[in-house]
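Here come two complexes built around subunit A, the first alongside subunit B, the second alongside subunit C.
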Partner chain A sequence: MRWVGPAALCVALLVPLVPAGGYQQYVVQVATFVLINAAVALAWDIQARTGQLSLAPAAFFGLGAYAYTMAALRGVPLAVAFLLGPLVAGVVSLGLGIVTLRLQGLYFAIATLAFAEVVKVIFKELPLDLTGGAVGLTAPPLLGGHQTGLYYLGLGVFLVVVVASLAVRHSRLHYAFTAIRQGELTARVLGVRVVRTKLLAFVLSAALIGMVGAYATSRLFFVIPEDTFGIGLSVTALATAIFGGVYTTAGPVLGAVILRSLEEVLRLVLREGYLAVYGVILMLVILYLPGGLVSLWNRRSRDVAGGD
Partner chain B sequence: MMDLFLQTLANALIQSGTYALASSGLALAVGVLHIVNFAHGEFLMVGAFVAYWLSVLAGIDPIVSLVPAGAVMFAASGVIYQASIRRVLLAPELNALLLTFGIGITLQNLAVLAFGATPRVVHTAYQLTAVTVGPVSVGVAPLITLVVSVTLLAGMYAVLYRTGVGKSIRAVAQNRTGAHLVGLDVDRIYLLTFGIASALAAIAGSMVLVRIGASPHMGFGFVLKAFAIIVMAGLGNLTGVLWASLVLATAEAFVRTYVPGGGGAAEAVFFLLIFFTLVWRSWRTA
Partner chain C sequence: MLLAATSLSKRFGGVAAVRRLDFHLDPGEILAIIGPNGAGKTTVLNLLSGVFPADEGRIVLDGVDITHLPAEDRCHLGLGRAFQVVQPFPEMTVRDNLMIGALFGSRRRSLAEARARTEEVLALTGLADRAAMPARDLTLAWEKRVEMARAIATSPRVLLLDEVMAGLLPQEADEMLAVVRSVRETGVAVLFIEHVMRVVRDLADRVIVMDFGEKIAEGSYADVTGHPRVIEAYLGMEEAGGA
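On to the complex of A and B.
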């Protein structure tokens, strides 16, 4: 299994060099969107490992996107504006995390969903010269909008999230997260600082999503409340992670590669309504493969080598 | 001044009827099956479209169509229950939530595929007429939806509190194992309850069709509001749903009327209320 990560990285590095003729630009574009989806799903998963199902990734994505756009439009250097993305998302998530700390399961999910909707409405209703209202804003591109350059920047952003995910997986935090997920009370008895750990997971996840939001905006060149804060973004994030396999690093990435590619094909064929695929996949995975795609691999390798 | 106040109050009352109808189904599913049905809004959408097509193709009045709309969703939800919901009843509650989320997204996008995303409206004679009582003027169509909602809610309470089936449903809601021990077929009660809950959503959908119209994306807004209502009421508390519907519809109507540019802010009122109710409760009880 050790070769899979480096091999995937090599493939990712080589994508812009693939001689696809007239489709060159399209391939790079799709690859960029795969990276964006994978990064959001992976960042969402970090927080999900504590057993809290957040339906607010769209809010943090949007906050990162708007922070970047609004700062950049006011003459803030683009690099600084970019860093504002994760910063703003992180700070807001700290506040949200503190007030929603005591909510469990379902209530937490609904509260985060409500929060995301409130943030969307706020950005829609703020004065036009501030947020552009329902129409949104045009975002200044990073790196002068150079497509290949932006792809590699996206790869960098994605790798930051991967590193964070792996770091959590291979540190003591992994045990803390898992213990909290399996029983908060037991975790507390075992000496896990539950409140602090949950907040850490929530803020880390939100800041990473905010960073992806800032990056995605510099690549898409615009922000619109309905899209940038859209529930579709949250749905995609959790469906991707669940499809690939939650609580892992490989799962959400694998999920993003498959689902986003599938989505691109369906978008060409159907033009609208292609999100139905996400719905069907979510249903089938919950019913028949709760561990996601990764669990198939683990099952096999366990048979062969006696461990995962 | 007073006239505007009374008019707003009347609008709120009518809106609360639809909200109560849509939320009661959700509250029923939560209270009895202990699942939060994220697809409830899409069930409402299905009801609206059934009524829409019956009106367009067969010329049936959407108010009459609430019967077939409810029946279609009752049957469809039976299939959905047997094929999926049933399997996650004993799994962690988030699985059920994600499953119904998936069902909702699928239905919504299938509707987009089949009918396109453009909203559709029906035209009936009574939609243009209004009843005027003193300073307050109320459209006949909204008035009919209010009457239907009140009748159906009263009917639901009568079934729940005055019949044997209702007693069984309440018994299962109270204690699944206990109900099973005294010989109730819990699975059948679940099936029936889920069917009734879904049919109520579809009927609410045909009411919404008369007043506003139908579109594939109509469900999500309603399910969020229904969540707000049942959360305010306390999950599974059916009587609370009536009060919460009234409170939220009133808050929404007054923001719409009295806050400048309040159309968008009215949306936020709901979500703010749901958010603060949840947070406040979690800190108070802890």
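On to the complex of A and C.
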């Protein structure tokens, strides 16, 4: 199935060129949000592979978004401001990780959730001329706000996350992450540096999410604490990765394509109450396909392998 | 002396699990620790491998004081550990289970080197036919073998084995014995805990007997099995079991 990735990339490259008449702008916009959702979900998944349930993706998304916006508004060149996104998110996650990564299971999850809420409140309460308070700030757009250009930039951002995920998958980190997830004590006794490895996964994931945050802001043109740091963003990232299939590169991407498209179709068809239907479909898949959508495909290929 | 413990002690609440234990292990030696249930044998292995810290005493591995080092550092210095309650990574294949030991153990290996080491240990331990199976699909006997193979894959200087023969059929135990002997041939010292006395007799160069956290006898298999305190400890256990 090696053709799937390159084929999907070709489709993604062609999206803005598809003649969709009056819907052209709408299609590119939806595709951009698919890329953003896929990138956040996949970046979240990278650290989830160490068995740590982080509920803080929104915090790192927001930090990246605010770092970009605040720097850009102060005259920092946009390219530099953009790079501040992953940098700030990465540095903050390093501090948070050192404090929290010794916590196990639910305690870690709750600590990250609390952190995300605290960061949101801080950005709301800081002086107005600094963060804009509850109203937020208007973000200067990258590439002059050119929609097609921003779509391709989004594709680039997404590909950075994909490359990071694949690099982890094909290095010794993949073995370390999986061993820690399936038995932390055993991993230690076998020589895996558990805390250091978890920290690396956490910071890599946060920096990538911060990069997506900086990009998404330059596309959305604003930051608001309630949205930019919103728990909804974290929930979407988790749901997308779980729906598509965690601990894989394809899963979160597939999850984002299908969930985001599904949401748009349901909205157009049903207009009202579409979120309820969306929620039921999401629940059914999670209940009956615990490995997510990619498990359908893996199950088939395992049968093939078992047959010879 | 490759490994030496001095005055090693560990308490859990009010219970002294290990009390002022002294012992040493020479290069290439096979040392057995036996004793009734609750004698503190597994606690000794946990103290050695760094699962939890000792309250008192020192552990020295080849001149390096490892008493306060975390488990992963001890592994890097050459302590390989197989658990009594098998701890396979359930969703990984047998091959990947060994790969973890080969990659992160006592030698810094590249992916390719670790793969080669893994295949070597798979062959040595008779696991090659099952290499592609997920560990969770194995029977207990094969899980025990994976547990030991994974510790061997770390290329230890001292191999710590905790009842890896328990519950095995005689023929399976014999195969494991052969593996332990062939590992020793390569200069590795072995410290093992075992209840199956036949295994202790056939494998151990020297035996330490523990009871209530203390060493009550030490010597050859013949020496310790004739020792009055050892007979008392084991008879006492049987009486308690019969009551």
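Keep in mind that, in the parts below, the second predicted complex is superposed on the first by the 283 of 308 C-alpha atoms of A that agree within 3 Å, B and C clash if a C-alpha of one lies under 4 Å from a C-alpha of the other, contacts with A are read in each partner's own complex, and residues count from 1 in each chain.
Here is the rule we go by: a contact is a pair of C-beta atoms (placed from the backbone, for glycine too) under 8 Å apart; a residue touches a chain by one contact, two chains touch by 3 or more.
Here the structure is a predicted model, which means the values were calculated and not measured.
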item: When both partners are placed on the shared chain, which of subunit B and subunit C touches more of subunit A; value: B
item: First, second, both or neither for A:290, with subunit B first and subunit C second; value: first
item: Subunit B versus subunit C as contact partner of A:53, first or second or both or neither; value: first
item: Which of subunit B and subunit C A:152 touches, first, second, both or neither; value: neither
item: Partner chain(s) touched by A:279 [first = subunit B, second = subunit C, both, neither]; value: first
item: Contacts of A:107 with subunit B and subunit C, given as first, second, both or neither; value: first
item: Contacts of A:222 with subunit B and subunit C, given as first, second, both or neither; value: neither
item: Touched partner set for A:235, first subunit B, second subunit C, both or neither; value: first
item: Touching partner for A:189 - first (subunit B), second (subunit C), both, neither; value: second
item: Touching partner for A:124 - first (subunit B), second (subunit C), both, neither; value: first
item: Residue numbers on subunit C that touch subunit A, as the complex places them; value: 49-51, 70-72, 75-76, 81, 83, 87-92, 96, 99-101, 103-106, 111, 114, 132, 150-151, 154
item: Subunit A residues within the subunit B interface of the complex; value: 53, 99-103, 105-107, 109-111, 113-115, 117-118, 121-122, 124-125, 231, 235, 238-239, 242, 270, 272-276, 278-283, 286-287, 290
item: Complex contacts: residues of subunit A adjacent to subunit C; value: 171-172, 175-176, 178-179, 182-183, 185-194, 305
item: Residue ranges of subunit B in contact with subunit A within the complex; value: 36, 84, 87-88, 91, 93-95, 97-99, 101-113, 116-117, 220, 224, 227-228, 231, 261, 264-265, 267-268, 271-272, 274-275, 278-279, 282-283, 286
